[in-house]
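Below are two complexes that have chain A in common, paired first with chain B and then with chain C.
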Partner chain A sequence: MPRRLSILIAEDGAADRMLLAAIVRRQGHHVVTAANGAEAVELFERERPQLVLMDALMPVMDGFEAAQQIKQLAGNELVPIIFLTSLTENEALVRCLEAGGDDFIAKPYNPIILEAKIQAMHRLRRLQATVLEQRDLIGRRNQQLLDEQRAAKAIFDKVAHAGCLNAPNIRYRQSPRALFNGDLLLAAQAPAGRMFVLLGDFTGHGLPAAIGAMPLAETFYGMTAKGYSSNQILRDINAKLKLILPVEMFCCATFLDINLEQGILRVWNGGLPDGYLIKAVDGARLPLRSRHLPLGVREATSFDDTFETLPLAPGDRLLLLSDGLLESCNADDQLFGEQRLLAVLESNSDPATLFDDIQEALHDFHGQILDDLSLVEVSMIGEPGAVAPHPLHVYPLGSRELRPRDWSTCFELRPGSLRSADPLPMAMQLLLQISPLRYRVGTIFTVLTELYANAVEHGVLLLDSSIKSDAEGFASYYRERQRRLDALDEGFVSIEFTVRSEGAKGYLRIAVRDSGPGFDVQRALNQQYCSEYLGGRGLRMIRQLSERFYWQPDGKVLNVEFHWSGHA
Partner chain B sequence: MAEHLDTSVLVTLQEVMEAEYPVLLDTFLVDSEERLRLLQAACRSGEAESLRQAAHSFKGSCSNMGAALLAELCREMEESARRDQLDEAPALIERIEREFAIVRILYRAERQRWGGPG
Partner chain C sequence: MTISSQLSADGQELTITIRGRFDFNTHQAFRDAYQCAGSLPRRYVVDLNGATYLDSSALGMLLLLRDHAGSDKADIRLINCNPDVRKVLSVSNFEQLFAIA
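Now for the complex of A and B:
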């Protein structure tokens, strides 16, 4: 495609200059002329022509010098220089090339050859310009992408670190780039002294994976803080991811619901490699197997939120890993693999160094730190209840207080609801409205959880907790609980909240009634004093945590009061 | 032996220059007188390289204008200067001067044919 160019002609011979300018003009180009090298450089600076026709031998400044200066002024832009010469000696042609000449044309001028050369140089020029443009465009896009990733990471960190990843009992390794590798680690203190941990691994990399992580984290923390059960949180996350992710994207994940006070670990693993529960007592290693499809695959109606229940004791350790760990290759293209991991676990003698041992094994295997794998260890340390205060009091952000404080309300749950509903989050929303008690809402939730579990399991389902005395009984207790709940066709649990206040003083009363035959509360309290079985805690704890704990003689209604006075 | 003027070149020049054709002829004659002086000066000074460059430039210019024999003489001059054979130079310069005198008459005729004296 011939195009009109602006062309500088530098030629000292007036007739040659005139002739050449006429030829080039006739071909449709814009021409500026110079009679020597110095003039040519000056004109180039002023007019910025796109191509130069340069005589080699000129007074004042010769063509070689002028060509060098023009090339320098042009910088990255390609300004082709065609030397006008009938030079026949190789030495002179070499000088032209060294000065930056792109082509030659000999006298006498042939208009056809001249135009062909000009167009060839123009194509070269356009090619160079396109390359530069694209280089700059790619550079800008890349910078933009990095900026966006930084911003996305900053936002995500605010959401992801809303939890308790920095708790003293959690150790993890995850690269700063993990978010864009699709790895995600969340941990939060849940009400009633529990801790929820979620390790997720999105299929795919880059921004799409990171974007999927946002609603997951938000749902996890938001619902945990509002007191939802781990099942409900998992269902919501699955439903949300199913809705927003494209079909080929999903999230392999392990959800840990850790309740050290009650000695219960609940695990849901969909698609991640085996995690491990390592018992402190005998070093036994219980695999936390994947038994489900990953999150975001199943419709809500067919999603299976069945957790496995395992006994948990102080000193136990939980280990989770993403498949980046097993599938990472070394320089010889070998996989790290499960066998190597198991060998490390096998040879470990001090559980406290396990995390470091695995890191060291990875480092030895690869000879470097890799950034596409996640490893997390949660240890069951400290006294039950000694965990950091959970962030419940910050939710809901900016809610208004309910006044005056003189009201009561009652929920009654019958079989259909006992099977599927969880009244506790709803109750929490209500209790958060009572500002003098807000700082104790975690405790109240613990007590409420205990009262409700007691009413359902012992009152309505008539289960005997003494069968929870060993790990096997533990599992069968929860299987039996589920079986009876599924079969339940009558019975109820009712929860009544009453709030009274006068001046600065007031109280909250929670009354829990169930349809069961009732029980001898005093005897149960005494019994629990000496009982050693797993999960034995219950009523005594309720008495310790509340201001008042009393019951009807028939044991069918338990009442608990929380009081406040003035400046709480 | 080359002709004094290559008529096919003159036809092309007319096409390219159109109305400017006589101006080009005038310019060439003025320019050539200057180049001839440079050639004579270089010859007198005995500097082979400046003689070579002057002959080279004059040759290019003559070839563009179709002064075929003059261009050929300049080429011979350039060659002997390159070989540093300055003893041949005075004779060659004389032949170039004579050829230029002929060419000048021919160009003036050509010019008059086009647009009368300038």
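Now for the complex of A and C:
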């Protein structure tokens, strides 16, 4: 349907101008007229007509100049300019278009062609307006989406940073948008001086990936705080993701269970590229290979939670990366790739600069900072076994705390449960009920872990710690441990807790007994002072961390006491 | 990228052939390739001979096919994988779910 437009006519010949204005008015349009280019520009500013019919050659300011100025004033809006011309040389016609003209019409005017051109230009106007409208709409929506993502990220950070990502020994690079690229990094201090780190990479991008990250983080932090083992946490995360994610979605992940005091690293990698353990002593690089399906693929019943065990020493570094790092492309569409990463690792001479070296290599390769990859370095700082013994806490006790306590309870684990169960979280839940002990729950967990491991490995399984004297023996020790545990058909470990309190003073006694032949505790303690074993620091640590550590002469029962005293 | 599928003469085996990049853009075509097969074949073969690239959403699509074909009971072979494709499959340990040749 033809539409009425407001049209500016710029023409220096008065007769021509009147004639053209009459034709255009008769076609139903609103007309304003100018006698030269300068007037045209001024009128355009004032009246904002929708279309301009412009004579090329005019005094004061010609049509070419006026067209340029009008186009500039119009900005994004399309104001079609049709040149009125008796010019016939091609060059002059080209000049009209170059000056910003959209079309031209030759004198003398044919009213039918003129109206057809006006309507054609009007269609272009509408198209341009629609494009602009849609562009602005997309822009607004995108801004809204980014705002929402920012808010979602802020909420997520509260959950994800509940742990210890800011610990001095962790360096990581993750863009603020990583969450919406499906990358996830979690770290938490676990009881007994351990640290758990999880780097995850969800398939897919955007909201679905971010939503999956939420329950994963909650499970990770919640279960870590309660003292669950890395295996149990991993199994729970897998089961949860399997339940909530659609079939085609999963989460590639590496789980690090770092126990520097014991000199043990346990690794589970399902679907992420090789991470690396870089040894301080000789710079050796041990790959942390993907050995499993990603999380959320397997049913709980067929999920494989086997961790690899590697020796860990102070100064060692752990490096994890998401495949965004290897698959990032530069401007020439080349992948960064594993070879380039290995070359950086190879040429590095000072492990302390490794993280920066990789960042620099990425920057050089891409010429810019990329935002869809994750890189994490965990360095092993601090001396093993350097846990300061906790002082006796003296704190006010309410009247409830002053009620006398006198109870004991005993767990006994037999082969089936020794293989599959972890009694420690359950025990810790129980001990958390004793409020004067809450302040020392980490220490108690450490000691309990040592006692239990000692009873299982040396008492029931009769393993010899001295095998662990080097890295090779270390791995075979843990293989042998698993083999014997799988084959175990008799034996037990019992753990007895006794709690007594009178007024503000009280104590917890933990007695751990096993079915083994017993051992010479004093000799083992003395030996450990001079031992350089990777493992076997346990007994000495127990003595440091508790108020009392004693045993029966046959070495079959180890007793540890934690005392408290408060004031009313 | 093209995806085509061919049912064996006895209707027991469906072969899905993938050329070019096997990524998110092939999502619908890949689904169509096994959903339109009519009667449920017993065995599936995914021929990756012409596949130059495979991303994580392609892995997701393979999981969808596996789910469609009966999860743990599914009989799916991935054949003619080039070294790059094989690497992606092995990092994710997909040989635990699919027969890879």
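Going forward, the second predicted complex is superposed on the first by the 397 of 568 C-alpha atoms of A that agree within 3 Å, B and C clash if a C-alpha of one lies under 4 Å from a C-alpha of the other, contacts with A are read in each partner's own complex, and residues count from 1 in each chain.
We adopt the following convention: a contact is a pair of C-beta atoms (placed from the backbone, for glycine too) under 8 Å apart; a residue touches a chain by one contact, two chains touch by 3 or more.
The structure displayed is predicted, hence computed values, not measured ones.
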Using the superposition on chain A described above, determine whether A:57 touches chain B (first), chain C (second), both, or neither.
first
Which holds for A:273: it touches chain B only (first), chain C only (second), both, or neither?
second
In the overlay, answer first, second, both or neither for which of chain B and chain C A:26 touches.
first
Once the shared chain is lined up, is A:516 touching chain B (first), chain C (second), both, or neither of them?
neither
Of the partners chain B and chain C, which touch A:191 in the superposed model: first, second, both, neither?
neither
Counting only contacts in the complex, chain A reaches chain B at residues 12-16, 18-19, 22-23, 26, 57, 85-87, 107-109, 111
Which chain B residues qualify as touching chain A in the complex?
9, 12-13, 16-17, 20, 23-24, 27-28, 30-32, 35, 53, 56-57, 59-61, 63-66
In the complex, the residues of chain A that touch chain C are 203-204, 247-250, 252, 270-273, 290-294, 297, 302, 323
Interface residues, chain C side, partner chain A - complex
56-57, 59-61, 63-64, 67, 72, 91-94, 96-97
